[in-house]
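Letters A, B and C name the chains as they come in the text, with residue numbers starting at 1 for each one.
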Amino acid sequence: MRTLFLTGILWLSMLANANTVPAADQLEQLKQQVIELNRELFLLEEELLFPPQTQLAVFVSVDSGQFFQLDSVELLLNHKPINAHLYTTQQWSALKRGAIHPLYKGNIKAGEHQLTAVFVGKGPDNRDYRRAVSYPFTKAEDAVLLELQINDRSSDYQPDFVVQPWSND
Amino acid sequence: MKFCIIGLLLALWGAPLAAASAPDFTLKALDGTNLRLAEQRGDIMLINFWASWCGPCIQEMPALDKLAQKYRMLGVQVWGVNVENDSAAAKAYLAKVQVGFPVLFDVDNSVSEAYQVAAMPTTVIVDKNGSVRSVHRGYQPGYEKKYENDIKGLLRE
Amino acid sequence: MVKRLKPLLLLTLMLPLPWVAASAQTTLSDKHYRLAAWSFYLQQPEQALERLQLAPEQDARTQLLEAGLYLQLGMPQRAAYLLQQLLTAGNEGASALPLALRNAALLQFARYQLETGNKPQAQHYLAQVNIGIDQQWLGEQQLLSQLVKWPDIALPETPQFALLARQSEMPYIVSNQALVLAKSGQTDLALHWLAQLQNQLAVPQQQGFWSLLFSGQWRLLTKPDGFVYPAQEQTALQDYLALLQAQLHIERQELAAADAILANFAADSVLSDTALQLYSHILTQQRHIPALLAVLQQQIKQQPFSLTAWQAASRIGEQLERAAQLHDALGAYHWAEQYYQQQTELINQQARPLQVSQLQHGLAPWQQLQLANDNNLYRLQQDILALQYQLANAPERQQRLARLTEVTTFKLVQQQDLLSTQLPQLTARAQTLTQQFNAVQQQIATAEQQPMALSLWQGEAYQQLSRLENAEQRFSRLPADAQQGADYAKRLARLRGLLHWQYSDTAAERRWQRQQQLTATDAKLATLQQQLHTLNRQGNQSPRLTAVRQRLAVLNEQQQQLNLALLSQQQQLLARLNQQLQQLRQQQLASLTQLQRHNKEAMARVMERVLLLADSDSAKMAEGQ
C-alpha cells in the first residue's frame, strides 16, 4: 500500500516535471515574440519618427577617463538648450569600461547648424572643470550622428573633448 | 535646466501614484554626486519631499535620520528631496543640522510634479521592485511609526 | 543554478572592451556593441540585446554576449542554440573567440546540458575546454567535471590547494572529493582533508569572484569595488564543512565529536535545519534527554508547517514516555494535540488559491514556505512573474504602436495634399516658365540672325534705330524722282552705318549680358525643377507609407494576440500552481491527521500506564497494610 502511494507520488512529480519543460518552452517562445515585436517597433520608429533627412543623434564616450570625471553634459543646438544629463557613478564607470551613451535623438531642419556641448566635471587635480565644445555642421540628406569623445591627452594630462561624426557605413 | 528623467509609465497611467512604478529620476545630492532612483532597485526607498520653509518638514528630519540609520544595513535607503527653486536656505539649514542620508535638489520641480507632490512634506515609500507602496502626506509627530511599519512590512516580503 | 555562471561570463565579456577601443576599431558594429554595453551596465538586458541584434555585422564576441544576455533574460534555449553555433564554428580566423571566452562558452554550455539532464553532451563540451596558462576557469571546469562524473570523480593524492589557489570553487571541489573519500570508506582521510580545508578558509581570500558565483546576484556587478556581503558566503561555507565533519563523525560512531560540533552550531545559520536534524539523531542515541527536548522545541520553533516539526512534537512526548516521566509525557502529548490542531487550522486558513498579485507580495507564511521549498512551485512562480512583467510592458508597446499609426496617418495626409494640390500647381508653373523661357530664347535666336534686329536694341539706341527705320521706310515710299536727293539717301546710309558701327561695338557686350540673363533664368528654372524633383520624391512615399500602415495594423493584431497568449499562459500556470498547492495541502493535512491519531493512541497508552501504576500503588499500599 505504502509503496503504491510512494510510486504514485513519484509518478505525479515526474508528470509535473514533464509538464514544466514544455511550459518553459512556451514562455521562451512568448518572450521571443515580444523581442521581435519590440525590434520591429524600434525600426519603424527610426524610419518614421527619426528619418535620416531630419535625424540628429548625439552620443557620449570616454577613452580611459583618467584625467577627468564627468558630472554632466548639456547640449545646445544653435544656442538653444535641447538636452542635459547627470551622470551617476555607475554610469561613469560604464563609460570608462567602453560603453557609449546614447544621449540625444531628435529632428532638425536641413541647413547649417551649430551643436555646442558643455562638459562639467572634475579635472585631474580634482578641481571643478567646465568645457564647452562647438561643432558646426550642415544637415543634408543623411542622418547626423555625432559622438562626443572625452579623450586622454597624455602630453599634458588634460582631457580632450572632441566631436566625432560617425559615417553611416 | 532640466536634469532629470521621468518614467514612461506615469505618463501612461497618469492617475493615482500608488501601485504604479515609481517615476525614475536623477538629481544632484548635497555632496555633489548624482543619484538615480532606478539604480537603487533591490533596496526599499523612502523618499521624503521637503522644503526649508515648512515647519513640519524640519520637525520630521531627526526622525527620518534615525530611521535611516536603523534600517540602513537591512537594505533600506532614505532620500530627502528638496523642492525649492533656490536651494540656499535648504543648504544653510543642512549645514547646521546634518543628516546622515542623501539630500537631493529638485530645483526645477520636475520630480515633485512627477510624484504629484501637493502637500509638504510628502513621504513616498517604494518597494524593492520599484513600485510605489505608500504615500504619506503631511507630518505629525508619530508618523514615523507609520513609515517604520510600512518598511517592516516590505522587508518581510 | 544556471544563473551562477552568467554574471561572470558577462563580466569577462565586458572586460576586453578597452582592448577593442584601443585597436582603433571604429566600425558601426563596434559602436553597436558599445551601445549595447551601456544598456548592459545599466541592467537593461532587453535593450542591450536589441542594440546588439541591430548591429550590421556579428562576430564571435557579440554572439557570445548575445548568448549571455539571453540567459539573463531567462531564455536558455536560444542561448544554447547560439552557443552551439559558436562552438561548432571554425576555430580559425579573425572571428574566432579568444581562448578565455571560448572556455567560458564551453563551460556555460556544458552546464546547461548538465542541468537539462544531458550528461553525455555535457561531457562532450567539457572535454573541449582547454585551460590556458592563466588558469582562468580552472575551478569551474573541475567542479563541472565532478558533477558530470559523480561519483567517479578525479581524486588527487592530497587536496590541491596550491593549484586551486585563485579559484573560487576550490572549497566545493575539495569538499566533494572528501565526500567521495568518505563514501569509499576512507573517513579518516576525509576528515583530515576537511580539517585542512577549514584552515585554508580561515585565510582571508579574494572575495570577489566567490560571492558573485554563489550569490548570483546580478546587481553586484555594478558596484565600483565589485562585491558585497562576502562574509555571508564565508559563514555558509564554514557551516557546510562543519556539518560534513559532523556527519562523518556520526558514521564513525564518534558521537562525542559530532556533539561538540553540533552543540555550537549557530541557530541562524542557513544550514541550521540540517544541523538540528543531525543533532537530534545523536542526542537520541546518547539519551541526552534535556538537550534533545531543547532541540526538538527548537525545530518546532524554526520550521513551522514542516513534517520535521510535527514529528518533533510527538517525539517530545515519546522521549518523556521512554524516560518514564509519565505525567510530563502526558502533558507533552496534550500540547502536541493542540499544536496539530493549530497547524491544521492555520493551513486551512492560509492555503487559499493565489492571485498573481499575491505572488509578488502578499503571500501567507504557509504559501511562502511551499513556494520556497518545492522546485516545481518555485519555477511556476518565477514563470508567472515573468509573464506578469511582459504584460506590464504591454501598455508601453501599445502606446508606441499608437504613436506610429498616428504619425503614419498624418504623413499620408501630407502626401495626399502634396500630390493633389502642391505638386500639380508647381508643375504647372514650371511648365509655364519653361515655355516662356523657350519662347524668349527662340526670339533671341531669330533676332540675332538679322544684323541689326530692332528687337535686340533698347533705350536711346532703340529709339534712334526706330526713327531711322521709320525714315528709311518713308524714304522708300517716296516717288523715284523725290529720291533724287541722293544726299538724303546718303545721309540715311551714313546714319545706318554709324548706328551699325555703334551696334557692333557694343554687340559683344550686349550679347554677353543677354547670355548672363539667360543663364540666370536657366539656373532659376533648374532650381525650380530640382525642388519639383524633391517634392516628387517626397510624394513617392505614399506606397511605403501605405505599406507601413498596413504593417502597423498587422502588428496591432499581433500585439493583441500576444497579450492574450501571455495572459492565457499565465492563467494556465497559475491554475497549475494552485492545484499543486492544494495537493500539498491535502498531503500535509493527511500527515497531520495521521499524527493526531498516533498522538491520541499515545495519550491513551500513557493514561493506561498511569492508571495501572496508580492501581498497583494502591494495591501495594493495601498489601502493605
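Here is the rule we go by: a contact is a pair of C-beta atoms (placed from the backbone, for glycine too) under 8 Å apart; a residue touches a chain by one contact, two chains touch by 3 or more.
Quick caveat, the model's predicted, so the values are computed rather than measured.
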Average the CA atoms of each chain to get its centre, and name the chain whose centre is farthest from that of subunit A. B
Any idea whether A-C or B-C has more C-beta pairs in contact? A-C
Averaging only over C-alpha atoms, locate the centres of subunit B and subunit C and give their separation in whole Å. 29
Centre-to-centre distance between subunit C and subunit A (centres being mean Cα positions), rounded to whole Å: 15
List, in ascending order, every residue of subunit B touching at least 2 other chains. 39
Could you pull out the residues of subunit C that touch at least 2 other chains? 42, 222
What positions in subunit A touch 2 or more of the other chains? 89-91
Contacts from subunit A onto subunit B in the complex sit at residues 71-72, 74, 81, 84-91
Can you list the residues on subunit C that touch subunit A in the complex? 14-15, 17-18, 20-21, 27-28, 31, 34-35, 37-38, 40-42, 46, 49-50, 53-54, 73-78, 222, 224, 376, 379-380, 383, 386-387, 390, 393, 397, 400-401, 403-404, 407-408, 411, 548, 551-552, 555, 558-559, 562, 565-566, 569, 572-573, 576, 580, 583
Which subunit B residues qualify as touching subunit C in the complex? 8-9, 12-13, 38-39, 41-42, 127, 129, 154, 157
In the complex with subunit B, residue positions of subunit C that touch it: 42-43, 219, 222, 360-361, 395-396, 399
Considering only the defined contacts, which subunit B positions touch subunit A in the complex? 1-4, 26-28, 32-36, 39
